[in-house]
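Consider the two complexes below, in which chain A is the common component and chain B and chain C are the respective partners.
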Partner chain A sequence: MDRSFINKYYPLYIESAVLTVTIGCMGIILSVIIGMLCALCRYYKIPILNAIAAAYTELSRNTPLIVQLFFLFFGLPKAGIVLSPEVCGTVGLAFLGGGYMSESFLSGLVSVKKTHLEAAASLGLNELQTMTNVVFPQAASVSAPAVCANVIFLLKETSVFSAVSLADLMYTAKDLIGMYYSTTEALTMLVIAYLIMILPVSIVFTLLERRMHRAGI
Partner chain B sequence: MRGYEVLFAGNNFLRLLGGLWVTIRISLISIGISLVLGVLLGAAMTVRNRAVRAICKIYLEVVRIMPQLVWLFIVFFGITRSTGINLSGEAAAMIVFTIWGTAEMGDLVRGAFISIPKHQYESGLALGLGKAQLYGYVIIPQTIRRLTPNIINLSTRMIKTTALVSLIGVTEVLKVGKQIIDANRYDAPDAALWVYAAIFFMYFIICFPLSVFSKKLSDKFR
Partner chain C sequence: MNEDIVIEVKGLKKVFGENVIINGIDLTVRKGETVVLIGPSGCGKSTLLRCLNGLEPIQGGSVFLHGEPVEYGKRSLNKIRQKIGMVFQDYGLFPHMTVLDNVMLAPLKVQKRPKDEVKTEAMALLERVGLGDKAKSYPSQLSGGQQQRAAIVRSLVVNPDIMLLDEITAALDPEMVHEVLNVVLDLAKNGSTMIIVTHEMAFAEAVADRVILMDGGVIVEENPPQKFFHDADTERAKKFLSTFSYSK
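Up next, the complex of A and B:
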C-alpha cells in the first residue's frame, strides 16, 4: 500500500463523495415527496391519479436504476430533452426511490385499522383531522423501518451514477485505476469513502428502530 | 430510417435479447447457488452457538454495507491485481452476486425459521413426532411457504442488479444496445431513445410478473 499515493489523491475522493452525497440527498428528499404523494393518491383512490401512481410504482420498482439513467441521459436528448448529468442523477434516483417510498408509505397507511377510522368519524373528526391525528401518526411508525431501509438502499444505488459520467466515487476510483494502475490504494479509499457515507446512517437507523421497538410502536 | 425501425432491422432485436440472456444467465446461476448456500447460512444463523451466529452476522453486514458495484470493482479489479488471476467480467459478476445473494438469502431463511411460533415445535413434539418428522411435516413446509415470496423478490432484485455488469465490461444488453445505436448513428440518430426504452421494458416484462406472483403468494399464505 502506497501511503504517498493516498495522501496525494484522497482530496479527489472527498470531492466526489460530496457530489455523491449532495445528489443522493436531493434524490432521496424528492423520492420521499413523490412517494408520499403517490401513496396518498393510492390510499384515497383518487380517480386517474390512483392508476397513474400505481403504474409508476410498478415501472420504477421493476427496472434497474442504470437502465433508467441510460434512458434519461442517452435516450431523452434524442427526443429534445437534454439533462445535465447532475440533473439526470437526481431525477433518476428520485424516479427509482419514489416507487419504493410510495410502497412503504402505502403499507403504513393501509395498516391503520378500519375501526380507528370509524371511531374517529363517530367522535366527529372531519377528514383532515382524521388524517393528521389518527392515520398519519400510526402509519408513520409502521412505515418508518421500510423508509429507513429505502434510504440506505438509495444511498447505495448512487454508486451507479458514474454510468452517466457523473464524477462520483466509482468514477474517481476507476479513473485512478486506469491512470496509475494503483488498484489496491484506489479500491481501499473507495471502500473507506462508502463506509464513512453509509455506516453512520445504518447505525443511526438501527438504533432508532430498536428504540421504537422498545417503545412498542 | 426511423428510430424504432432500428430495433427490428436485421437481427438487432435478437441481439438485444441475447444480451439480456447474458445478465439473466448470470443472475440465474447466482440465484441457484445462493439458494443452496443461503439455506445453510440461514440454518447456521439460528444455532445456539454464539460465535457461529456472530460470524454469520458479520458476514451479512459486511456484504450488505457496500454497494454491489463496489464489490464488483473489488473482485474484478482487486483480485486480478493482488493474485494475478485473470477473472472474466462474467466470472467476477457470478462470484459477487453469489456472495451477496447468499447473505441476503441466509437472512431470509433465518427470518422464516424464527417466525415459526414456538408452539408449533411443542405441539409437534406433544403429538409424538420424531425430530425428522417434526421438521419434515411441520416446520419446513411452513418455512417454505413464508420463504417463497421473499425468494422471488430477492430474485427480481438480483436480476435488476446484474444490469451493473456492463460497467465491468461484460457485453450484456446495455452494451449491445450501445453497439446498435453506434452502428446506426447516421441512419437513425434517434435510435438511442427507442433502444433504451426497449431495454427498460424488457427488464419490466421480466420483473413485473415475478413481483405480482410473489405478492399473490404472500397474500395467499397470510
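Up next, the complex of A and C:
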C-alpha cells in the first residue's frame, strides 16, 4: 500500500464524496416525497392517480438504476431534453427511490387496522384528523425500518452515477486506477469512503429502531 | 316530535351483495333507556349498530338521531357521531397513545374543549372505572378488561346522547367480564341511553329495560326483560334462550 498516494489523492475523494452525498441526499428527499404522494394516492384509491402511481411503482422498481440513468442522459437528449449529469443523477435516484419508498409507506398505511379507522370515525374525527392522529403515527412506525433500508440501498446505488459521467466516488477511483494503475490504494479508499458515508447512517437507524421498539410502538 | 326519542329507525334495510342482512327493522330508543339486542351469531346485530352510526351504507329506510338523519358518507356525519359513543369487541384503543391521550383525543380535536377541563374530566372518568393509575400506560400494557374499560371511557368523555356497545366482553377472559359489565351496569343505573349487544344473558336481564331478539333480518320479539327471559311470547325466543341453559 502506497501511503503517499493516499495522502496525495484523498482530497479528490472528499470532493467526490461531497458530490455523491449531495446528489444522494437530494435524490432521497425527493424519493421520500414522491413515495409518500404515491402511497397516499394508492391508499385512498384516488381515481386515475392510483393507477398511475401503481404503474410507476412497478416501472421504477423493476428496472435497474443504470438503465434509468442511461434513458435520462442518452435517451432524452434525442427528444430534445438535455439534462446535466447532476440533474440526471438526482432525478434518476428519485425515480428509483420513489417506487421503493411508495411500497414502504403503503405497507405502513395498510397495516393500520380497520377497527382503528372505525373507532376514529365513531369518535367524530374527520378524514384529516384521522389521518394525522391515527393513521400516520401508526403507519410511520411500521414503515420506518423499510424506509431506512431504502435510504441505505439508495446511498449504495449512487455508485452507478459515474455511468453518466458524474465525478462521483466511483468515477474518481476509476480515474485514478486508469491513470496510475494504483488499483489497491484507489479501491481501498473507495471502500473506506463508502463506509464513512453509510455506516453512520446505518448505526443511527439501528439505534432509532431499537428506541422505537423499546417504546413499544 | 317527541323530545325523548334519541334514536329512531324506520324500515331499515341492509344488503351485502346477494344477502339481505336487515330486512325492515323499526326501532325507537328513548332517553335513559337501555335496550339489549340479542340474536344468533351472524344475524346482523353488529351490522345494525354500525348502520346506526353511519359506518355502513343502507339500502332502505332511515335512521334519525334526535330527528337528524344519519347518512353514510355525508359530511354532517362527523357531527352526529360525536353524539353516538361506540365501543367495539376488540377495544380499538389507539396503540401509539397512552390511555389518557386516547380518552382526550376526541374532546380536544373534535370538540375543541380546553385541555385542563378535558384532562380533569378524563381523569375523573378513569378513576370511576378503576383506571386512575393507568392513565399514562399504553394500551399494550393493559389487560383486555382494562383496555375495554378505557375504551368505554373514551366514548363516554364526549358526553354522547347514546352509547352502542357491541359484544364488548366477547374477547375477554371470563374473570375480566365482570369488571367491564359492572361499569356498564353503573352507566345504565345513572341514566345513560344505551343499545347493548351481548351474549351474557344474566347481564342482559339485569341491565335491560327492553330486550330485542333479532333473527332473519327482523325483530322477532321485543319485551321487558322479566317477560322476555321467563315468559317469552315467541317460540323462536324460547328456542334461542334454551341454547344458553344446560340440563343433564
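Operating definition for what follows: the second predicted complex is superposed on the first by the 217 of 217 C-alpha atoms of A that agree within 3 Å, B and C clash if a C-alpha of one lies under 4 Å from a C-alpha of the other, contacts with A are read in each partner's own complex, and residues count from 1 in each chain.
By definition in this document, contacts are C-beta pairs under 8 Å (C-beta built on N, C-alpha and C of every residue); 3 or more make two chains touch, one makes a residue touch a chain.
Every value quoted in this text rests on a predicted model; they were computed, and no experiment measured them.
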Item checked: Simultaneous placement of chain C and chain B on chain A, clash or fit -> fit
Note to self: Tell me the contact category for A:Lys8 with respect to chain B and chain C: first, second, both or neither.
What the structure shows: neither
Note to self: On the A-aligned overlay, A:Ala119 touches which partner chain: chain B = first, chain C = second, or both, or neither?
What the structure shows: second
Next item on the list: Name the contact category of A:Arg210: first (chain B only), second (chain C only), both, or neither.
Entry: neither
Margin query: Of the two partners chain B and chain C, which one touches more residues belonging to chain A?
Written below: B
Next item on the list: Go through the superposed model and pick first if A:Pro137 touches only chain B, second if only chain C, both, or neither.
Entry: second
Check: In the combined three-chain arrangement, what's the angle at chain A toward chain B and chain C (CA centres, steps of 10°)?
Finding: 100
Next item on the list: Once the structures are superposed on A, label A:Gln129 by its partner contacts, choosing first (chain B), second (chain C), both or neither.
Entry: second
Checklist line | Where chain B and chain C come nearest after superposition, their Cα distance in Å | finding: 21
Check: Any idea which chain A residues touch chain C in the complex?
Finding: 115-116, 118-126, 129, 133-134, 137-138, 141, 216-217
Item checked: List of chain B residues in touch with chain A within their complex -> 3, 65-70, 73-74, 77-78, 80-82, 156, 160-161, 163-164, 166-167, 174, 177, 181, 189-197, 199-200, 203-204, 207-208, 211
Notebook entry, point to check: In their shared complex, at which residues does chain A touch chain B?
Noted result: 58-59, 61-64, 66-68, 70-71, 74-79, 156-160, 162-163, 170, 173-174, 177, 183-184, 187, 190-191, 194-195, 198-199, 202
Check: For chain C, which residues count as touching chain A in their complex?
Finding: 53, 55, 78-79, 81-82, 84-86, 88, 90-96, 105-106, 109-111, 138, 140-141, 151, 154-155, 158
